[in-house]
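Paired with chain B in one complex and with chain C in the other, chain A is shared by the two complexes that follow.
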Partner chain A sequence: MSHTTAIGIVPTGPKPKKLISVERVIVYSVLLLCAVFFLFPLYIMVITSLKDIEAIRSGNIFIPTMTPTFSAWGKAWNSACTGLYCEGIKVGFWNSVRITFPSTIVSIAIASITGYSLANWPFKFSEAFFTVLLVSSFIPYVVMLYPLVLITRWLGIYSTLPAVVLVHTIFGLPILTLLFRNYFASLPQELFKAARVDGAGYWRIFFQVFVPMSAPIFTVAVILQITGIWNDFLFGVIYAGPTNYPMTVQLNNIVNSVQGGKEYNVDMAATILTGIVPLAIYFFSGKYFVRGIAAGAVKG
Partner chain B sequence: MDRPNPLFRNLSSKIASLPMMLIVLGVFVGGTAWTVLFSFTNIRILPLFTPREWINGYVGLANYDRLFKTDRWMDCPGLTKIGTEAWQWKCAGALPNVVTYAVLSIILSISIGFLLAVFMDQKIRMEGVFRTIYLYPFALSFIVTGHVWAWILSPEYGLQAAVRQLGWTSFSFGWIADRQMVMYAIVIAGIWQGSGFVMALMLAGLRGIDEEIWKAAKIDGISTWRTYLQIVLPMMKPVMVTTFVIVASGAVRIYDLVVAITDGGPGISSDVPTRYIYQNFSANLGQSLAASTCMLVAMAFILIPWIRMEFGKKG
Partner chain C sequence: MKANSTTSVSVRGLALSYGAVQVLKALDLDIADGEFLVLLGPSGCGKSTLLNCIAGLLEPSHGQVFIKGKNVTWEEPKDRGIGMVFQSYALYPQMTVERNLSFGLRVSGLAKDEIEKRVKRVGDMLQLGDLLQRKPSALSGGQRQRVAIGRALVREVDVFLFDEPLSNLDAKLRAELRVEIKRLHQRLANTMIYVTHDQIEAMTLADRIAVMKGGTIQQLDAPQTIYNKPKNLYVAGFIGSPSMNFLKGKIEGAGAKAVFHLGGQKIPLKDYVPDAPLKAGAAVLGVRPEHIQLDMAATKANSDAYKAVVDLVEPMGSDSLVWLKIDDTLFSARVESNQHFDPGQKVDVRFRINLASVFDEATGDRL
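Up next is the complex of A and B:
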């Protein structure tokens, strides 16, 4: 390649950059400013939870205390009052665990198998069924709240743990099935055909060919379900019943309970504790998280 | 040999899909149909089911009529005269509140998200760190988000008190206790929670644009910012439509955030439809069902641009 023009020799290679340009300064200042805005509530949560109640009454919300204490955290976990009893948010934590695990497992099991059927074993009306699923995933859940109260009452499980598990499972199904169906349909069909030629049946192909190569989509589905169910409030309030209230509902009750004066440090400690599980999933799962929430964002 | 009965072809597949079909038909189709149909009856506390009950209880649009005459749902006299000279714009209730929230959060989170994505797209250092910071609020529940912001915005101890303590004693920022401003306070929390996610969607869209476009714009001497606004932005239409549907459908369903920040207060000035529907299950089931049906219709309208984009390509 020649680098000569009518004028003469032109220098090659990229133009030397100035160390700091005005544009760069603007870009970084805007990004940093926004980062401060996004981090601000987290900062406030943490420093408030480390203060004692005196420091909150007399101090400034922005300024951390010189004598941090974890006593508010202990109280939030063990003995904060929800209005009914004073056993802390740990009750809600364990309830949330008991709600999240079965709902996640059952919904993913049903959805992955149905998605596999729709993608690889089409039957009459399976296209129509798929369309109904697509439409269902957009129906706002508020439309089905009362019918589900009736259904769970009819089943005799209203206001119990199985009811809230059932409701979470049901509302997770359409979007998860679409997710699995699209993923299985994108896998090379030769694999499926080869397995069939070798004499493998419906279940064998699913468990021995498809499941082993579908780790990414199962990861996305697990993240979507765990964060979605852990963060839910409305279904917990309606279907779980007071003894099974999940962590979000307990947190709300602790913050709103008025017995013995407001303890903002305990409230903030309880708030952090409720947010820790989805935050931990977020920090450890990286790019799968964005895919998971993007899939779940249209749900209901 | 007999020809196999077509009913039994792929039998395992059919059996395995059965639970899902029952749920979809029973809950999604059946439940929605029930809500819509019985919103036209004089249903009270005891639920009705049969066609005969439906015919006997049919009252046409009476529930909708009462719903829109209820101040808690919608109280919109518009511009009203207060006193001799003063006029005041008044439009309150759960429905106007959700419209305010939806319009503001759609405009704000899409513009903030797009701008953030453009800034993130400038080949910056530590992109991963910035992305993590912008996106983490989206992992938190609305209840957590709501209680943090309720604390920050609380007039007694929050931002207002802190700034006054620093010496600016006339500083006033008591939005969550102000009937006129409370919805805007909720919008702030909603933006904080969701705009990082919009940024992630937009950034993915920006990265999907062909490098050749940039080269061509550079050769033509078009400035970077004009390229973004006049060339890249129109090319991002599919991403914009998807984002709009996600943000708008989320805004229409808003519930937990309001419960955590104000629980509908002060008074009922920050009530929203989902809260109204839930609270009227026992006393006013007919109105609840009518309000639910309104939300279903709202959702259908939100989906129109997306449906046109997905299925309108051929025609």
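Up next is the complex of A and C:
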């Protein structure tokens, strides 16, 4: 006979869950608090960017306007003024694109191949090399800023796009190489051996065997690099030169340039526009990001 | 030194160490053309390492490897004329079965129609026909292992290396694939080197078994020889399940008059065929459970039987294992399950000395 509970229900199928429990209440309150903490400023920014300057002066900062307008967005994109000229944040946007794409692609290409070499083709000093790499990823950037100025100047590329791309690539390498090495080291060794018996060499094993099964780690690397480089301010301001300032630097210049009254709506719109790329990337790839991190941690 | 032309694979003085750890120690091994050699040994004894050295996937610290009489010690794996099957299957996860099979052939730049022909032939041989367009993740364990075997077969090489290919499978599937591999070997007549730590696999498949321990080969012989005439205590204890009984005692007298003293009882060794002349001293008598006969304690005085007491009975289906004691020495005997014994019962024991082994206690070597 089946057992019955005190109130005479025969347990069968999924166990009914209590609707409210202490843990749930705690978890959801914390989540809610965090969400509010981060979303509230965003809310202010969005509603402010949709007001016109009159509404901002007269209205309450927390209350959205009844007559939203996108004119501030248009101005932010097309004609907001930095200290020097008034071409809007779009200049910075395209600069950022020109900086981010080559930096991401080059750094990931180099790091994945280096990581693969370290994991699968040990050479005499590969362990030492790996240690150096590991240590170097902890050195504060600031230490290298000035030497890199000198180096890029010596190379004749200081204050150009290649300079900032080079710097981003260099600083991305340690952590990315680490990431790739650990991922490739976690793949079954026998797979690599099987490919060698099949006659595949260094490049063929990399491109035909490893890369196809490394989508998660490439996703992680791409996300890390795009968001990291897009959000960068320091390298952009130092190495890119005024004509190539990335979006973050231009945003700063727009917000800080004082010509007449402060246009909060334009500033807000420009800020949102600047943040929208990393935001969108997290939003659409968060799932893969988590999956990739997990795949690197446990066995692939 | 040039290897004999009828040897397919031969290994000379092969040694490999990781830092201070010596994994293989000056190993010599000659494998005849078309032979099925099984490397058998406990975990960590260096079986995979030896196989990887033969395949060229690991660089030995010393020694040479010959395949088909050619010194391949410095050759790349692909140039050695070998195919290899791995324990974890190691199929390329993003390729279909067909592309897994053909990968090596495509790498070597073989003509398309030849590739197709070979893949089809191997697919038919291993019944992979319906699976060719699937990815490995959509296959069962047995099917994956067959694909892994197929990937070695399409290479149409002389030597196949198997590294515990069946150890990830359940018992039933293992038995099935074991037969398939045996059949495959009969059909192809290639040289096969097969690593396992399953002694049933070793006994059923091998032409010869190499029993390994700690990076050395302890004995290299036909399965029956290894089973019946183990060279030392280690091999004797490793082969056979339930395992051989080791009765510690001493030999008195020499040659045909030698007698083995066990507790208070004397076992004459006149039926034993020694490798080395028997001489007096501490020794170990090795008797397999199936070579011990039991009788209910007879009233009549049996001159060639010894008195023992039943300690425990383990029924195993077709037969039972009876644990016995002579003085303080515990040993087991295998009896048909219709014979019934009770703990504490006194029984007569007869050892089939002609099938037993006698070992020197100090060196562990067979006498």
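Keep in mind that, in the parts below, the second predicted complex is superposed on the first by the 253 of 300 C-alpha atoms of A that agree within 3 Å, B and C clash if a C-alpha of one lies under 4 Å from a C-alpha of the other, contacts with A are read in each partner's own complex, and residues count from 1 in each chain.
The rule we apply is simple: a residue touches a chain if its C-beta (ideal position, glycine included) is under 8 Å from a C-beta of that chain, and two chains touch if they have at least 3 such contacts.
Only a predicted model underlies this, so the values are computations on that prediction, with no experimental measurement involved.
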{"item": "Clash or fit (per the criteria above) of chain B with chain C on chain A", "value": "fit"}
{"item": "Which superposed partner A:Trp203 touches (first chain B, second chain C, both, neither)", "value": "first"}
{"item": "Which superposed partner A:Gly241 touches (first chain B, second chain C, both, neither)", "value": "neither"}
{"item": "Larger contact residue set on chain A - chain B or chain C", "value": "B"}
{"item": "Touched partner set for A:Val132, first chain B, second chain C, both or neither", "value": "first"}
{"item": "Touching partner for A:Met213 - first (chain B), second (chain C), both, neither", "value": "second"}
{"item": "Which superposed partner A:Pro64 touches (first chain B, second chain C, both, neither)", "value": "neither"}
{"item": "Touched partner set for A:Gly74, first chain B, second chain C, both or neither", "value": "neither"}
{"item": "Contacts of A:Ala194 with chain B and chain C, given as first, second, both or neither", "value": "second"}
{"item": "Arrangement angle, chain B at one end, chain C at the other, chain A at the vertex (C-alpha, nearest 10°)", "value": "100"}
{"item": "Chain B versus chain C - smallest C-alpha distance in the overlay, whole Å", "value": "8"}
{"item": "Interfacial residue positions of chain C with respect to chain A in the complex", "value": "52, 55, 57, 76-78, 82-84, 86-88, 90-95, 103-104, 107-108, 151, 155"}
{"item": "Contact footprint of chain A on chain B as seen in their complex", "value": "6, 9-10, 12-14, 16-17, 19-21, 23-32, 34-36, 47, 115-116, 119-120, 122, 124, 130, 132-145, 147-152, 157-159, 161-162, 165-166, 192, 196-197, 200-201, 245-246, 249-250, 252-253, 255-256, 259-260, 263, 273-274, 277-278, 281, 285, 288-289, 292-293, 295-296, 299, 303"}
{"item": "Touching residues (chain side chain A, partner chain C) in the complex", "value": "188, 190-191, 193-200, 204, 208-209, 212-213"}
{"item": "Chain B-touching residues of chain A, taken from the complex the two chains share", "value": "27-28, 30-31, 34-35, 37-42, 44-45, 48, 56-57, 60-62, 110-111, 113-114, 116-118, 121-124, 126, 129, 132-133, 136, 138-151, 170, 173-174, 177, 201-203, 227, 230-234, 238, 248, 251-252, 255-256, 264, 267-268, 271, 274-275, 278-279, 281-283, 289-290, 293-294, 297-298, 300"}
